[in-house]
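Next come two complexes built around chain A: one with chain B, the other with chain C.
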Partner chain A sequence: MNKPVGTQKRIIASKHVKLGQKNAKGQTYTDINDIFYNTEQKPVFFTGSEVIKEAIRRASVGTSVAYPITPQSEAAALIGELYAEGYLDEYFRGESEFAVMGQCAGAAFGGHRVFTTTAGPGTLRAMENFPMWAGSRLPIQVCVTCRGINSPLSIQPDTLEIHYLLETGMLVWHAETAQDLFDYILKGFIVAEQPDVHVPIAVCCDGFFVTHTKDTVELPSEDLCLTPYDPYKSPVTVMDMESAPIRMMRDPFVMKSNYISYATHASWQQEVQSAVERSRKHTIPMLDGLIDEINTDREVLVVASGTAVSQSREAIRLLEQEGIKVGLVKIKTIRPFPKEEIRQATKNAKHIFVPEFNIAGWLAREVKAILPDNERVYAGPHVAGGMTMPSEVIAEEIKVHLGIKPSPNRRRP
Partner chain B sequence: MSDYRVLAGPEAFLPPSAAVMGIILPDPGEAHIEGTIVPEEEAYEHCAKKILEAKVPTIFPGPLVLWKWNDHVAEKAQAIKELADEAPMRLIPMADYRPKYPKIEYEVEINPNHPNLTIWHNKIDACIFVGVHCHQANLALKIIRGGTNCYTMAMCAQAGHEDACLSFRDASAEKIKKLTAAVKKLKSQGVKSQAVSFTQFKMDRNGLVVSDAVVEEYENAR
Partner chain C sequence: MARMNIRISGLGGQGAVTAAHLLAMAANRDGKFSISNPFFGAEKRMAPAESYCRIGSERIYDRGELVFPDIIMIFHPQVITMQKSYTAPFYDGIQENGMVIINTPTDLLNSEDHETLAKLNVTVFNHDATKLALDIGKTELSTNMAMIGACAGVTKVVSIESLDGALQERFGKKFVASGGTASLDEAIKKKYAKKNDLIKANMECIKESYSRAEEWAAKQDNLQLIEV
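Let's turn to the complex of A and B:
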């Protein structure tokens, strides 16, 4: 970086013409800094799905398109209730996740703030649209309530679908708790809509554990809402049938057989990648850093995201009772990936454990790819298909790997 | 801290984007020169020097300043014309972003999909982007850096461009006038423009080139 980016300085305040005015529901358009840092937050006891609804109530969303993925998440149905109450301009049901994401693109091309939800097989069915959103610089937000993607289907959490999102050009944030989920949804709109960012964002959470269980969440007043999306800040023309990207649908300039067209396409991809990188500057102050660190001066660390962090917190407490000291790195953003932050946080560690709710171990691979001496990284423990990951399992695996406890017969290599 | 410098090219077959190399955009009141964050005031003088020392300094006005979609734009366009006259600088518009086939008319326009053709043909060694949508500006700036030796500058109305060798942010008519004042100041101190003489082409509403000199040159070239 050519200059340090700290967590103290807040994101540049909104200059939207409607700042301070009231909307039709009597909510006051308020700067994001004021919503989170200068107003009273009151505790409620809600499910994650209800928390998504409360975030959207305050998000000045123009359009939401739903494919009712229930039972994984009730969020889409709950947002329908918000529409009935007059909080959204447009809301309708698509015929499939693929249709939904295309309809979201249309609304975003037209200049609306757009929100939708999906999960598991739906995420994969919609997949073609995600890089299209990113390439078109559409700051759509999709809340991904992760579940299993393969047959036989599961409605329990499995974070494998996040792996498929990593190179779509979207921002990918991973919430640990319902509180994270609320904060990330509102803050995600603001970061994704910055003119130098302006790419879609997937706010992910582990389905069921976060969406269906109740938790205490602190919310700002429902009389406040985000300032609306300003399409005039877009880095591309709002909608232009003659220019890429829309023109490429009828006359793909990228398919012309000459070098510079390919160079344009490559530069286009680089520009989307750059947009994701630029989001760091806005995300660091918004999320108080891309990672959280607890006792990272210790020789044994757990690096995790999502509810694997929660399970690891308890595992660390159990290990502490036995005199085994373990630190924790919580990763909040998967894209952009906090490379430098993780390098710094783990520089003294001799053993780095990456517990995950998926069979592939994609987070461990991401961590291994950026660390020197990556034989320190132990990819596990893993569960998949909706299994729970008891804290005792994490603690046991750490003890076995450290040689504190004898290894059972069958261990992962 | 990144040691990457955003310098004039030709840099690479496919140069990296500056953002990925760790270059962070300036905050309000700042600019960047070759990737180093500086106070905005410092960038005016540097930009003016680059304009005056270039042989073919050129402004590429984009659609956001070519069409009067609000009154601020008209004021900004006027300020750009004043800068072009003061320096002097050529004005070659990026009127839209459509891919131009079979061939771009690189004497009279620039296009984000193949901006290097306009740079090469006109031997442009310093340029300023203004009024170009950020995404298209970044495409063009990186392609120019990759394949030409042109020193790129951006007067961006949003957050700035790290793929330019120098970039302002939050551009307004006032800032463009400050740049013109910086050019005037250097000239008053005895710095002379190194620009080669040229005839600014003109177009009518149908896009026709109406300058006889340019028509002749254009026809000869064809």
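Let's turn to the complex of A and C:
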């Protein structure tokens, strides 16, 4: 665990039998390394929802199941367009998020590459299925466009739901921008489907801030697509009621209260956790590290994920104008959590700020749990319930905590 | 580093979201950096809806509600008269030397508002965009076009050519949006025999509004807007 992995050597190249062949839409099955690193990328000006569509267009997805919930509804509808154009084999609307995730499991058991989207209350409604996917070793991808989960209802961005995903046994990646989202969706399939990983992946982004925001994104040609999922790469046999481990559910020794039963479950949970950790060696070259570092030799650092990174970049720019130097750590994968990387990046920091779009401050807790001298960690600023976190607010809170005089009025510094 | 922050406050159904996207798309076509995003509650016509467009000379990361705008556009008088905005007053956070464009035939501000804005050298442009939309586009649904034209005419932050291109991109091909936006898209498309007629009428709205705004701006002696 946490052995150094170089970022230069890209992920093991695909040896899929279909590599170089064309699919029914005339797209060429192409190795992921070539799609991202050896072909021309062209800029487009798209919303995050449109970007999800463009990723799925190139992802050789077999089945996608849709259910409407803001802010992922547009993406789900756009994937329906792709189905109508013949890019997917199966696409239909489930009865609820819970049903959708069950239907995804069925399609994945059947050997399809499966993609779905959900958000907020939908994620929570579907929750039971996520550890089921992980325990069944199904490399399904769910794109979570985070929104408020509380009552009274909110459709606005809030990252609290990611906290609920952390111990499901899924890989959890958090995109900062639409570009990240595009990259993570395609790369996520490849990492999740490696035989020594083979667990589901939640590619998360902040609703509205990414899904409904128009931004510049560089895309590879739409004539290229991922090699299809290879069900023979699964580390477990096809699971049905006659095969282990699902079969064990009906076998007395697992369902009974005895130590063999406990050991079976515990070792399987450990194996799923280990699979998530083993994804590191594939993810590090694919994402160029689990974290990004900017000026981490500075005494004051911001550690963040998602849109909080973008807002922090602007806050750091504002502080720089006043001569206050702040560095940045961007966390790309929440599971596996980049413990060693964050420890190294923050080893010289005296103050570590963790701004978040949720009331719980779960990322600050995660960071505090792995750092020595964690009184250095300041959990904030926080916004919640769909609030925006203006860069000015981050800058002011950093100044106040450092004992620097705040700006005299609520104007741009 | 130059950046212009534009906040659009309107009511659901007026096209405030589309307006911000079009401005950002046009700026992008002009080779500038831009980013636009909406903010609204669960879909409801006539409820407050806001959108934000940031245009700059360098890469922009900032997103979400715009708390410190340089330009504010008010698409509907009720934003002011019935406080249908996310900030109170509607111009909260406006920056020095900024500008407010209000879709209204009459002055809607009280003396206190005028005083506050004058102190910040914020100019107010009362622009009857809905009338212009009805006269030229023959539908009040083109109000957002008239507002975009006014913004471009005063600030010159995007070119007419790029707005034309952005319009073609937005209305010329199939566009999947939320249910409410889709039905409004359908409603406006039904008014015209061809898609091209719709784009043409919208473009005429933009152009007329642009030149009226240009004329207005030429008469102002205290306009000190940010140039991007």
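The rule we apply is simple: the second predicted complex is superposed on the first by the 388 of 413 C-alpha atoms of A that agree within 3 Å, B and C clash if a C-alpha of one lies under 4 Å from a C-alpha of the other, contacts with A are read in each partner's own complex, and residues count from 1 in each chain.
Here, a residue touches a chain if its C-beta (ideal position, glycine included) is under 8 Å from a C-beta of that chain, and two chains touch if they have at least 3 such contacts.
Bear in mind the structure is a predicted one, so any value in this text is a computation, not a measurement.
S.K.: Please tell me, clash or fit, for chain B and chain C sharing chain A in the overlay.
M.R.: fit
S.K.: Which partner does A:Glu74 contact after superposing on A: first (chain B), second (chain C), both, neither?
M.R.: After superposing on A, A:Glu74 lies in contact with chain C but is clear of chain B.
S.K.: For A:Phe45, decide between first (touching chain B), second (touching chain C), both and neither.
M.R.: So A:Phe45 only meets chain C here.
S.K.: Quick check on the superposed pair: does A:Phe209 touch chain B, chain C, both, or neither? Answer first, second, both or neither.
M.R.: second
S.K.: Have a look at where A:Tyr87 lands relative to chain B and chain C in the superposition and call it first, second, both or neither.
M.R.: A:Tyr87 sits against neither chain B nor chain C.
S.K.: After the superposition on A, what does A:Pro390 contact: first (chain B), second (chain C), both or neither?
M.R.: second
S.K.: If you've got the overlay open, could you tell me the nearest Cα approach between chain B and chain C in whole angstrom?
M.R.: 36
S.K.: Between chain B and chain C, which residues of chain A are contacted by each of them?
M.R.: none
S.K.: Spell out the residues on chain C that touch chain A in their complex, using ranges where they run on.
M.R.: Those in contact with chain A are residues 17, 21, 24-25, 28, 33-39, 41-42, 61-65, 67-68, 93, 95-96, 174, 176-178.
S.K.: Could you please specify the touching residues of chain B with respect to chain A in the complex?
M.R.: Its residues touching chain A are 1-2, 4, 14, 16-20, 22-25, 27-28, 32, 35-37, 63, 96-99, 101, 112-114, 116-117, 133-136, 138-139, 142-143, 146, 158-160, 162-163.
S.K.: So in the complex, the part of chain A that touches chain B is made up of which residues?
M.R.: Those in contact with chain B are residues 1-3, 5, 12, 137, 194-196, 198, 233-237, 240, 242-244, 247, 251, 253, 256, 260-261, 263-264, 266-268, 270-271, 273-275, 277-278, 280-281.
S.K.: Within their complex, state which residues of chain A touch chain C.
M.R.: It is residues 45, 47, 49, 70, 73-74, 77-78, 81, 153, 155-157, 177, 208-209, 212-216, 307, 309-311, 313-314, 387-392, 410-412 of chain A that touch chain C.
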